[in-house]
Amino acid sequence: MPFVNVLITKDGATREQKAQVIKEITDTLQRVLNKVPKQTHIVIEEIDTDNWGFGGETTTVIRKRQAG
Amino acid sequence: MPFVNVLITKDGATREQKAQVIKEITDTLQRVLNKVPKQTHIVIEEIDTDNWGFGGETTTVIRKRQAG
Amino acid sequence: MPFVNVLITKDGATREQKAQVIKEITDTLQRVLNKVPKQTHIVIEEIDTDNWGFGGETTTVIRKRQAG
Amino acid sequence: MPFVNVLITKDGATREQKAQVIKEITDTLQRVLNKVPKQTHIVIEEIDTDNWGFGGETTTVIRKRQAG
Amino acid sequence: MPFVNVLITKDGATREQKAQVIKEITDTLQRVLNKVPKQTHIVIEEIDTDNWGFGGETTTVIRKRQAG
Amino acid sequence: MPFVNVLITKDGATREQKAQVIKEITDTLQRVLNKVPKQTHIVIEEIDTDNWGFGGETTTVIRKRQAG
């Protein structure tokens, strides 16, 4: 009975990409741990880059510098 | 000092329904576990059906098939 | 398709109390939000009082002072 | 390799305030626990006051009464 | 910069199985969403069956009935 | 009304270190975001290195290689 929470930055992941992630993680949990897909729930949360910090800075700031 | 996180699909739950869920869970934790309401926090997160996977598919796809 | 995460301090909640909490929260979500019990998962996590902070102190310290 | 999830009510925290919270928590984890900033991720989630319950009521209701 | 939290019931998953789950989810996020492995963190939490509720009952109770 | 969840690898953080982390994060949220300490809850979870994946490997494996 797995529950999986996937947090990513909001970067325009498409509906198809998110469906593919859900399909593959469900498959992994079934194949490796024998978990029943009908009891596997996966929630993807897409986080604004202002709200994701990494190395002490927001992702917004990191990307501006990388783009600069 | 409970903290409760309730994840549901975004389906138009009303403000009144959410208030009722908060009231009832707080009551349950007080009555069953003797937890003080003034230290009980409950956060409801409403998730887009594209972002909730179940049985290897998104809830969007599951509902379309059921509606079809 | 709700997922509920209940965090409480580790205080000797019994198996029966935890079963009761699970039953009542599932009932609340079914009655108020029309959520299907067979798709409702609830995970209770019991946290050591050294690891739960409140008002800037650990619960261990707060309880010692209250007991003192 | 810390991961920190900060949940707050949606109250107009500015981009600068959120960057400051990220900077300070990263510093705390490095100074106190020797955690490497380049492996420290922090996600801030801002929750609608209708969806945050406290003491059995939503924050929306509590604030109306306090303002009243 | 994904963070993934995998909750499963405590059922004796081996170190090798958990390593495989981590490897495959990291691969999925890289292949499908172009996420950098060196910024992908995955935390697996194994939950006692007394603490995981499903359909209004604990997993402990459900399994006893199925075994019976 | 913040709730903060701090996930770290289980590395022998002392009671005093955890109390210091709780104190500093509570101070940060009060000073930067004006959040009331008496409504600020912080939960630290310490994760076995077998259960924390990074870069597609468990932390157990990464540390062995670094120590080797």
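Note that the chains are named A, B, C, D, E and F in the order they appear, and that numbering of residues resets to 1 at the start of each chain.
Basically, a residue touches a chain if its C-beta (ideal position, glycine included) is under 8 Å from a C-beta of that chain, and two chains touch if they have at least 3 such contacts.
As the structure is a prediction and not an experimental result, all values here were calculated from the model.
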Chain-touch separation of chain A and chain D, in steps, is 1
In contact with chain D and chain F alike are the chains B, E
Relative to chain E, largest Cα-centroid distance belongs to chain D
Of D-E and C-E, the pair with more C-beta contacts is C-E
Taking each chain's mean CA coordinate, chain A and chain C are separated, in whole Å, by 26
Between chain A and chain E, the Cα-mean centres are separated in Å by 14
Chain A and chain F have mean C-alpha positions lying a whole-number Å distance apart equal to 21
Two or more other chains are touched by the chain A residues 1, 3, 7, 21, 25, 39, 41, 43, 45, 52, 54
Pairwise, the chains that touch are A-B, A-C, A-D, A-E, B-C, B-D, B-F, C-E, C-F, D-E, D-F, E-F
Chain B residues touching chain C in their complex are 1-9, 11, 13, 17, 20-21, 24-25, 28-29, 32-33, 35, 39, 52, 54, 59
As the complex stands, chain B meets chain D at residues 15, 18-19, 21-23, 25-27, 37-38, 40-46
Given the complex, residues on chain F that touch chain B span 1, 3, 39, 41, 43
Per the touch rule, the chain C residues reaching chain F in their complex are 7, 45, 47, 50-58, 60-61
